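These are the structures in question, set out in turn.
Both complexes shown next keep chain A, but they swap its partner, so chain B is in the first and chain C is in the second.
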Partner chain A sequence: MSFLEYAPAPESRSILNLRKEYGLFIDGQFVEGHGKQFTTISPADESPIARIASANAQDVDLAVSAARRAYDKTWSKLSGRDRGKYLFRIARLVQERTRELAVAESLDNGKPIKESRDVDVPLVAAWFFYYAGWADKLDYAGLGPAPKPLGVAAQVIPWNFPLLMLAWKIAPALACGNTVVLKPAETTPLSALLFADILQQADLPPGVVNIITGAGDTGSALVNHAGVDKVAFTGSTAVGRAIARSTAGTGKKITLELGGKAANIVFDDAPLDQAVEGIVNGIFFNQGHVCCAGSRLLVQENIHDEVIDRLKSRLSTLRLGDPLDKNTDIGAINSREQLDRIRTLSEVGEAEGATRWSSDCAIPDKGFWFAPTIFTGVETSHRIAREEIFGPVLSVLTFRTPAEAIAKANNTPYGLSAGIWSDKGSRILGVADRLRAGVVWANTFNRFDPASPFGGYKESGYGREGGRHGLGAYLESSWGQFGKGVLTRAASEPKGSRSGTGEIAAAKKTSSRSASGQKRGSKKAVAR
Partner chain B sequence: MTMEQSTALAPASRAVQLLGTDLSEKNLKLHLEGLSGVDAVGLEARAAALATRSIKTSSKVWALDTIIRLIDLTTLEGADTPGKVQSLVAKAINPDPSDPTTPRVAAVCVYGDLVADAVEALGAAHGSGGPDGIAVAAVATAFPSGRASLAVKLADTAEAVAAGADEIDMVIDRGAFLAGNYGKVFEQIVKIKDACRRPDGTSAHLKVILETGELNTYDNVKKASWLSILAGADFIKTSTGKVQPAATLPVTLLMLQVVRDWYRLTGEKIGVKPAGGIRSSKDAVRYLVTVAETAGEDWLDPHLFRFGASSLLNDVLLQRQKLQTGHYSGADYLTID
Partner chain C sequence: MNSHLAVPKTYKLYIGGAFPRSESGRTFEVADRKGRFLANAAKASRKDARDAVVAARAAVAGWSSATAYNRGQVLYRIAELLEGRREQFVAELRAAGGLTQSKANQEVDAAIDVWIWYAGWADKYLQVVGNGNAVSGPYFNISTPEPTGVVAIIAPQGELAAGGGLLGLASVLAPVLVSGNTAVLVANEAAPLPAISLAEVLATSDVPGGVVNILTGSAAEIAPWLASHSDVNGLDLAGAGELEWVDLQISAAETLKRVLPPETGVPAPSIERIRFFTETKTVWHTKAII
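And then the complex of A and B:
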């Protein structure tokens, strides 16, 4: 037996203590749903994991009402400092339960445990820690003194990073003082339901976060509910467009984080071995189920053959298989539906005349799998160079000059992310400046940090998540309210008006803090 | 400066083949500076990712035995004596007296003046490093600093070879390298390689120590690796063990990438030896994974990969016993050397 066929090293499932059935998490309790129950399965072997409730319009209404009550009675009245305490507490609980969450995520989503363990869950904790820190510093977010929360946020998230997308949505919303109704994707509800358990453990006031499960119609009922002030959606461009249309004119604030077809540009002066790693990480991380995946490789023509050659030998060391095995690099495709889409587009690629190469790996009998695949000889007019495949499929195009690379990179309806590989700093900065993409990585790819804003241009959506900018999606800037009363006193003060308001705000905060402090005392130290 | 002498030397044939017969310092410099750069963050991230491989059960059993087979059991102290070398050799032959199935190490590594003692102590167990027997490696060329005249380095090497050394671990002139005097470094390696020849026409294997801790940047490590291979190195080795940092996983990964590239270019296999600082089995297993996933499994062979280590062996033996008995023994159940 060869050493490279590492002996199985499966992460144990025994840490999971799953229920057979999960209800909807509304007003701090698990309650039954009124829609048709569905089963969530493991995409690695199609085995059922648990029965999941489905929320119908009536349940959505209950959840939104609970969120509204919590907003009016509790959450909007808490000081930023106290909201921060809850968020810090959630972050610590996520850290404590890291292994459990990672196993649940890999089981339900199909992603390799090494990714859920080393990337997803640590980032989830990082996101809560980061926004916990902001909760009492919103005056300094650049949105004017005392910016206001929006109210009830409806959040609909995708299946590719179920728990991480939940964190991206919930952490800033709560830090800013909003309450939340969140709907996880139909195929990956499990980690969100475990997260509900963490919320109970953290003693978060009932109704501040409600988690309702279901399919597209649940999501649609949620975002179109009249009691919602804010809609945040991450998912496909088609659904994003529908949401933008249906919420137009309702006064709801929207952020959309949609598809992408990122260019990963490799210049001939790139650090080659690291560039090859970056290409692999760009498109084969999370089976390519990444909206910002580097799915279009733009490689300078004079190094094309060498890069492809190295890439192929690197891909042949990738290990596809059991997501719970600690040595697995490529896990399962999340659903049959997605697998079909990847297959269809790959066939289109072949029909269009591109050359297909797939790594030679054994595909398990059960479950949904797709071997890492590269298409060379792809032209800008091919569908596989334009449409988001959302799978482990890389389209390789070439360019001759930086100007051509920039033109090709920008020639897409999307604009979420891009990558540049070069050892020359001035080239990186010059090219980055001309790329129309929300995130540009230099000599790396698919790196995330809560302090860094993320979001798209064009059909990749609007609004930013993460960093200080991410607060803007959940706050109403007080600059816009000059003359509406909020700042009248400050504005009428002749000089030093900013510091004047600062002191007033500080004085107000102190009093509300002591009030909530008493309340906490009666509830046995809510969050410390 | 034209390196006419070098071009005439057989061991520099690699350089001639790659760079042409008009081998000159300028030519060499252009070649080395044309190598693609190394991104430190990316290299270290890749090494860290390889370090997360989980090697369990049957893979672990194989890995532990393989580590032993790849060890150059080393003593390089001012206080070394024939008695100490004898003791080291005994440990090399019989690492775990409680288990005769334990494999032997690849080689013992000593200072040049103790080569004869090592050869004598090995007796019938002496071989070329591998299944046929334990090799004797000698550090030479004014190890560890390399600050001596070429004549002294050549004499140092020739004496060790004459005394029966199978392998010579030389150091490069880091001063010359950092001053940009690549031709000087190159010529010295070529000449030392020549001094490794024995009267019967065979040659001691040449390991070239880059002392990566003094080269400081990954770009330098890459250039020095490439330079050493061009000059005729059979192995490229990270460190003397006398400078910190010694071997690290990213540096070893980079050197493995260079030998892989050399193989892709020429079909010739060059060995890699990380030395210094690898003390635990867990660490050593990470190196095995890095070798297998970078250069390929063929490199997991004493002729292509070695660990320069002293305390590593006992930790591997401890883990080996644990796998067999299910519990950990203690330091007193392993011989100190």
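And then the complex of A and C:
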């Protein structure tokens, strides 16, 4: 038995009391869906966990109507203080059920229990606690006096941090007085459905939060529903682009948190022990399923060999295996589809001439797994330097001068995050200034906090989540004149229950639209 | 004695600090409200729009790294020069837009005030929209706004008397420039001359070449090339209400540009117009535990 071998220490699944099947959570209760039911599985062994309902267009309509009713009748009339109290309740309930949520998350997502237990779920509670306190202080949000909520928020979240992304979306939306229809990812619906149970325990008024499950078509129906005032999406840049297109001209407020290809820049004066830990945390945390992952290591040329040796040595000690085992460092890849993508891009990396090294770890027989992998000799033109792999794969490039590091770091259409490792404060601040990225971690990486704004530059999306800035995504500033006299494309149908109020279009005029424009709606409206 | 024959001005484009004709060689006739000939303005082409984007991109590094104090003074200087050239602008507004003397004066006053209002924000908006963040751990954590980059603007269109001139230009240009963005502006198609006269002010008021680029011509023809240009980061559709602006917004989605929708009339001064074309950067740094 080597020093790396431990007896198995799996977290018990007995804390879970799962149902065989789950419906859609609409208007405060679980109802049947009208789409095709699907099974959510554990990516660690491909065993089925539960049958999940799928929402079709009709279900989406029900959910949006429920959210609209709750907004009109309950939530928009509640005081900020009371909205805050509901959020505090939710934060406490999450804390009370932390272990159960962590086990469910690791089971359904494949991430190591030590991450779901120590990172994801504690941050979920922190997020609700943070925004709870904002609910009665929105006058201080920096958006002018008495900023207004937007209405019904459509929120579509990814599979990499299922419950944490739910918290990032729901907590600020509710604090600002909006109601919500949220769709979790197809492969990771479980924790969101357990969260619905928490909402019932919190006695949140029916319809304030609706959770509907399904695949991409459900998400598309939701974001394009005419009764939705706000769309918040976290996921791929391709889908974000489609949302930006399909919502153009509708006046819906959009925030998009999309892909990334972050540079993690290591200067030769960096504290190397810490830098190596930071590199590992940057790309192998959550199997690299992190939009802000430090997937491009830019290492100063003179320390390249030493850093790579240390990295390989460190990676050789990482334990890959059962996500529920407390000693596991690297869990399962979330789905076969994602595993295929990681494999494909890794093969492309080799074909394009980069040198591949993978940790020599035992791969379980069943489930989806990928050993931690480093590519050296990567050039900026290689696909593994340009495209988001979203897996435990690090591409290593070198630089000689700070200017070269900055140029290479910014040489990407993405701009979500970046890392800098150096002992020299002035260099860190100088480089940080010139990186085109929304989050810059200096001598650390992958830190998240509800008080800290998160979001991208360029094609990594727009809007911020977290902190005071996160409120701006869910409020209409009373300082902003746009949004008042702006033109919006007429919705094809009246918004939810407000039909016939003339809310959308005070005046309409016909415009000479192109044939393709006719399909999208042939009228423009002036909303005053 | 009174035999001086007037010397009319040639109105050209403003790109990279220079005043070129359109590379296409095209011009279009600009008339006053009674249909009398005023000038042959340059009719910008797709190539001119692309040249303008190249100039704007090249100017980003210098303008965005200028100190906020400096940018504030440059914007203030624009107001100073407008004041100094008041007679010229009043005369142009009267001739081209049919404004009365007092209305034309009011328009110039309002435009000057807008430039000054935004100039003052240069070294303050960061303090208002950025902040330090109390994170749970030994980290220094601060969020600050930075300019988005190159912003394409469709200036308010229509009658000069309705703000389609100096006031409209100030109201869309100043908030984009003050944070350090550079701009490619498509002028009011119906009344483009004040935009080019403003360019003469910009060229002599310490605004570095390329920071503002002005195109005259057909907005419907030029705008799609700017909306789909991969090196444009933001799109202000303020004056695009009469264009196929939804299509412009759809084009802009390809590179996820930040898009402000059309407005009716002249956009009111607002810090939200500054904030909209900025990106929040959050920097974390470890603190030693002592």
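Criterion: the second predicted complex is superposed on the first by the 479 of 528 C-alpha atoms of A that agree within 3 Å, B and C clash if a C-alpha of one lies under 4 Å from a C-alpha of the other, contacts with A are read in each partner's own complex, and residues count from 1 in each chain.
Please note the rule applied: contacts are C-beta pairs under 8 Å (C-beta built on N, C-alpha and C of every residue); 3 or more make two chains touch, one makes a residue touch a chain.
Nothing here was measured: the structure is a model prediction, and the numbers come from that model.
In the superposition on chain A, contact is made by A:L258 with chain C only, not with chain B. Once the two complexes are laid over each other on the shared chain, residue contacts for A:S12 go to neither chain B nor chain C.
Comparing chain C and chain B on the residues of chain A they touch gives the larger count to C. Residue contacts after overlaying the shared chain place A:S381 against neither chain B nor chain C.
Once the two complexes are laid over each other on the shared chain, residue contacts for A:A270 go to chain B alone; chain C is not touched. Once chain A of one complex is fitted onto chain A of the other, the partner contacts of A:S426 are absent, as it touches neither chain B nor chain C. Contacts of A:H469 after superposition: chain C is touched, whereas chain B is not reached. Counting contacts by the rule stated earlier, residues 443-444 of chain A appear in both its interface with chain B and its interface with chain C. On chain C, the positions that touch chain A within their shared complex are 128-129, 131, 133-137, 139, 141, 143, 148, 233, 241, 244-247, 249-250, 252-256, 258-265, 267-273, 276, 279-286. Looking at the complex, you find that chain B touches chain A at residues 36-39, 41-43, 45-46, 52-60, 62-63, 66, 257, 288, 292-293, 297, 300.
In the complex of the two chains, the chain A residues touching chain C come out as 126, 142, 237, 240-241, 244-245, 248-249, 251, 256, 258, 413, 415, 428-429, 432, 435, 437-444, 447, 449, 451-455, 457-459, 461-462, 464, 467-469, 477, 479-482, 485-489, 511, 513-514, 517, 520, 524, 526, 528.
The touching residues of chain A, counted against chain B in their complex, run 1-4, 6-9, 114, 118, 269-274, 277-278, 317, 326-327, 423, 443-444.
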